[in-house]
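Before anything else, here is the set of structures, which you'll find just below.
Consider the two complexes below, in which chain A is the common component and chain B and chain C are the respective partners.
On to the complex of A and B.
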């Protein structure tokens, strides 16, 4: 009785019922995972605002209403206007596009390079020493300080923000992937695959990489969240996304000196940063539980 | 000594040394043996005696940076140790395959069984994916797995241990290797599945004319399926011979100890099993003389001082012991089992 199929070998009807049952179980696990659900919903809403929002706007983020400078939220300007008389709602929504784009790109580049560095460091001992010492060096600096230095060297624009963020984040991801990959490599199937005559490239990319993918996805969501914060911080310090392009960070930066008179310039972009970062962290935590088979009860 | 290369595999004076952080470990020392086509050879010994290291040295699966392999490994008349990395890769899986001890972790959890067998096939042969999948299912059915088409679509965690071991055998046979190294293939399985898997190996040995090295610590398994036995202890061969000679007149006290430690179905049920006292010596700190001396009932002054050589007897049996003649004089082991345990 070593064939589990004996239970399944009934008619096609039973098979489709089992499939349905599996789908039900999947949905139940998904719904039971509150943080994944809440985080995911908030992210979808913010994503939709960033993508679809601009088509509902009557004002562009650059249009200046000189007489309406620093006016409080009203029916005409729902989020109020900034110190130059630009529609804050429009700027925050376009800022969402910039911030999310930068965050997404940074986490994508970080995940890709981090995966590569982590995998090769775990596979080749001599590369391990070199790559991990470089990572140690990069991690010795506070993230913001390092990003600031890189931005100062490269100059302020969106592309350089992505580059700076990636350099800052790669070491963390690389280390997580390296340790996960080391665990995978200790398993017999890697030795078995080598015994089948597989080359190192196949072992690394076809057999180790898919087994560390869940770690990578989870790390990518955290990197996304931190990227948004660091990008906002850089813009706040004036080395991030240059004016007049809006980003959440530089809107807050411009609102800083008017905070006593125009709280809305700080509150609305701040609220967006906060909710996005919380949602990403919730989503990452939820994803970790969801992808880890040991948390199934 | 005339070089005879007609054996399928001939290992000569194999030394495998690991350079670890704690120091140098001679895991395998001066091991020589051969395997012919259509022959199953048992490699026996307790944990840590170098059985697996010997076979992994043949496949050269160790990290090259910390491992030194010396000696000669002739496979079909070419020395595997002289091959380039790429040439060795072509041998692995195609000419020599390996089955590992733990079927639970020997399959990649993220791919289906079918995909993994297809990969094994496509590593060495350029064929269409569909054709490879058809062959994969055929291989599965050769291992007498029920509903192979269904199994091919499943993931490893959906299969039982016995089924996974069958899948591993299918993978090992994918390219019809001439030599199969089975590293404790039945240790993790229960007894009924064990005998089914062994039957499979015996069957494939015949139909494919393969040489098989069966690594095990189960002498019962060896008696059942092997023609010759090599007994290893602390990294070296202590005795070698046909199954019949080893089981009826073991000449090394260690082999004898292993046999006495085995329950007998026939004979006096009341006679106690005899244990071999002590543990395998650490490879960092081996005894100067015979490595088995500290645990041996027969040991004398010479055993502690001088390391015995592997001596070949007229019968073809080989033994590494100063006192083998004393053991030779004793009667057939089966007769003396109860006497020995009564004495001890």
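On to the complex of A and C.
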């Protein structure tokens, strides 16, 4: 008679092989997804520049070299200097910290509040009407203009930029989550869980929320990209991150009047904005294909 | 059809109410007393009280709300605190350049996107198609003010073909008007074209898969006759809708791009109003823009229903 232990071992071996095979498939799908990979790599590089960059810098972003105003890129100042004689490389790298932090916080707040609004709107009919009318109202305003008006009322600083961006973007996320959650609620397992007597809190957060998570992650990536664009636009129009703190947008704002003499003040921060947004869009597209293989692009 | 039109028109009323409520609350977002924020720390008490009375801030909250609503319904958006004009007059004064720019941008976008989208769809999967898709990804990713500045660097600073900034009204002659608006309009056109090219391509692809296209080919029609006469005509309705819906976005883009070129349009009005804390103008302009967009979307929806009977039948 066979020893039950060997049988157990065999099953364990098969299980671990299945696991290995799954991991292999996972890796293969990951590597086949070029947008996800390229977007991810660019994002990691930009993130590393923002995190580690400052420790390699010899100048702070506020240090003024009065004699070196508007000097072109050189060995000493790789990105050149700005109109006040500050090291542009240092300002762009610290600007990366500010712009990425604002974008990250805005997309985090937007994702969290959007998830809550979307879930509760999908679950309670009376809330649905109120919340969705508010969303309709907010979405009737063009995003940048609403953010501009909110900034005008609140005053220009980094925290208010995060608040303004979140207010502008929550409705879109809430709508996506709401419609995804409505689909989940149609399914039998929700009915079964309700029949077993689960409370509404449990149904919403334990059973519906995990099933709309992939939508939320994809949305958060796009929201991050839009935040970078709107923050840069607000700062460029002089109502975003106030001087002397650098952000990609306000460096370009300061460079605008010197554009005929100092192309570097526009080009370098501009290149960072562009590559971050492209990387985020690529990453978002890749993520969408990866998390939901059934959607046909 | 009449039922559809009435339903659709009535559906915008709650949105308009919510929108005007939000604009009303905007001023109450200001931390502290808006009058004190506007006049600054050096203001006298009488000046503060006068301004509060002028803005209606001395009234109880519900009265302020009622006054606001009754004024808005009558089309009275108040007076600018700094310019000796009503908000509506100030808005109309600045509308011309913005509209001129948006219309030029739209024309450029259509001229680029429709041929490019058709060619990409007709050569699906080829290198041309891939290049087009890279173009639209880039166009969707780049912020409009940044593209504007890059174009200035290339065409004004390096090549000196166009002025760096400025604006000439149409009354100064057609040629200077166009010359000063070229770079901003091309900026808007490229970004808008990125979006419309995608729509044109996918709309064409959908139509090209139909059997009547095969029939047209098998009748021996030339490729271009099939594409233009049979495919494009049927692909056009979704493209038209996309053009209409994105016009609002284009106007907003124009408002941002204006600030790059110092064009005296709605963007400049808003930025000046913000720096002077002219709240009446900010509120009025935002409300006017949002309302216009709601109405534009309504008109597009109704037109869509008119052009495509499936829409109005499905939504009943």
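Brief remarks on what is shown
By definition in this document, the second predicted complex is superposed on the first by the 279 of 297 C-alpha atoms of A that agree within 3 Å, B and C clash if a C-alpha of one lies under 4 Å from a C-alpha of the other, contacts with A are read in each partner's own complex, and residues count from 1 in each chain.
Following the convention adopted for this analysis, contacts are C-beta pairs under 8 Å (C-beta built on N, C-alpha and C of every residue); 3 or more make two chains touch, one makes a residue touch a chain.
Computed from a predicted model, the values in this text were never measured in an experiment.
Of the two partner chains, chain B is the only one touched by A:197; chain C is not.
Of the two partner chains placed around the shared chain by superposition, chain C is the only one that A:155 touches, whereas chain B remains out of contact.
Set against each other, chain B and chain C touch different numbers of residues in chain A, with C touching more.
Once the two complexes are overlaid on the shared chain, A:277 sits against chain C while remaining clear of chain B.
Of the two partner chains placed around the shared chain by superposition, chain B is the only one that A:210 touches, whereas chain C remains out of contact.
In the superposition on chain A, A:239 makes contact with chain C only, while chain B stays out of contact range.
In the overlay built on the shared chain, the residue A:144 is in contact with chain C alone; chain B does not reach it. Legend: residue contacts after superposition of the two complexes on their common chain; A:229 is shown touching chain C, with no touch to chain B. On chain A, the patch touched by chain B and the patch touched by chain C do not overlap at any residue.
Contact residues of chain A toward chain B in the complex are 2-5, 9, 125, 187-189, 191-199, 206-207, 210-211. Within the complex formed with chain A, the chain C residues making contact are 14-15, 18-19, 21-23, 26-27, 29-31, 137-138, 140-146, 149-150, 152-153, 156-157, 164, 248-249, 251-252, 255-256, 259-260, 267, 270-271, 273-275, 277, 279, 282-283, 286, 289-290, 293-294.
Note for the complex: chain B touches chain A at residues 59, 61, 63, 65, 89-94, 97-98, 100-102, 105-111, 119-120, 123-124, 145-147, 150-151, 158-160, 162-163, 168, 171, 174, 193.
Chain A meets chain C in the complex at residues 133-134, 136-138, 140-146, 148-155, 225, 229, 232-233, 236-239, 252, 256, 259-260, 263, 266-267, 270, 273-274, 277-278, 281-282.
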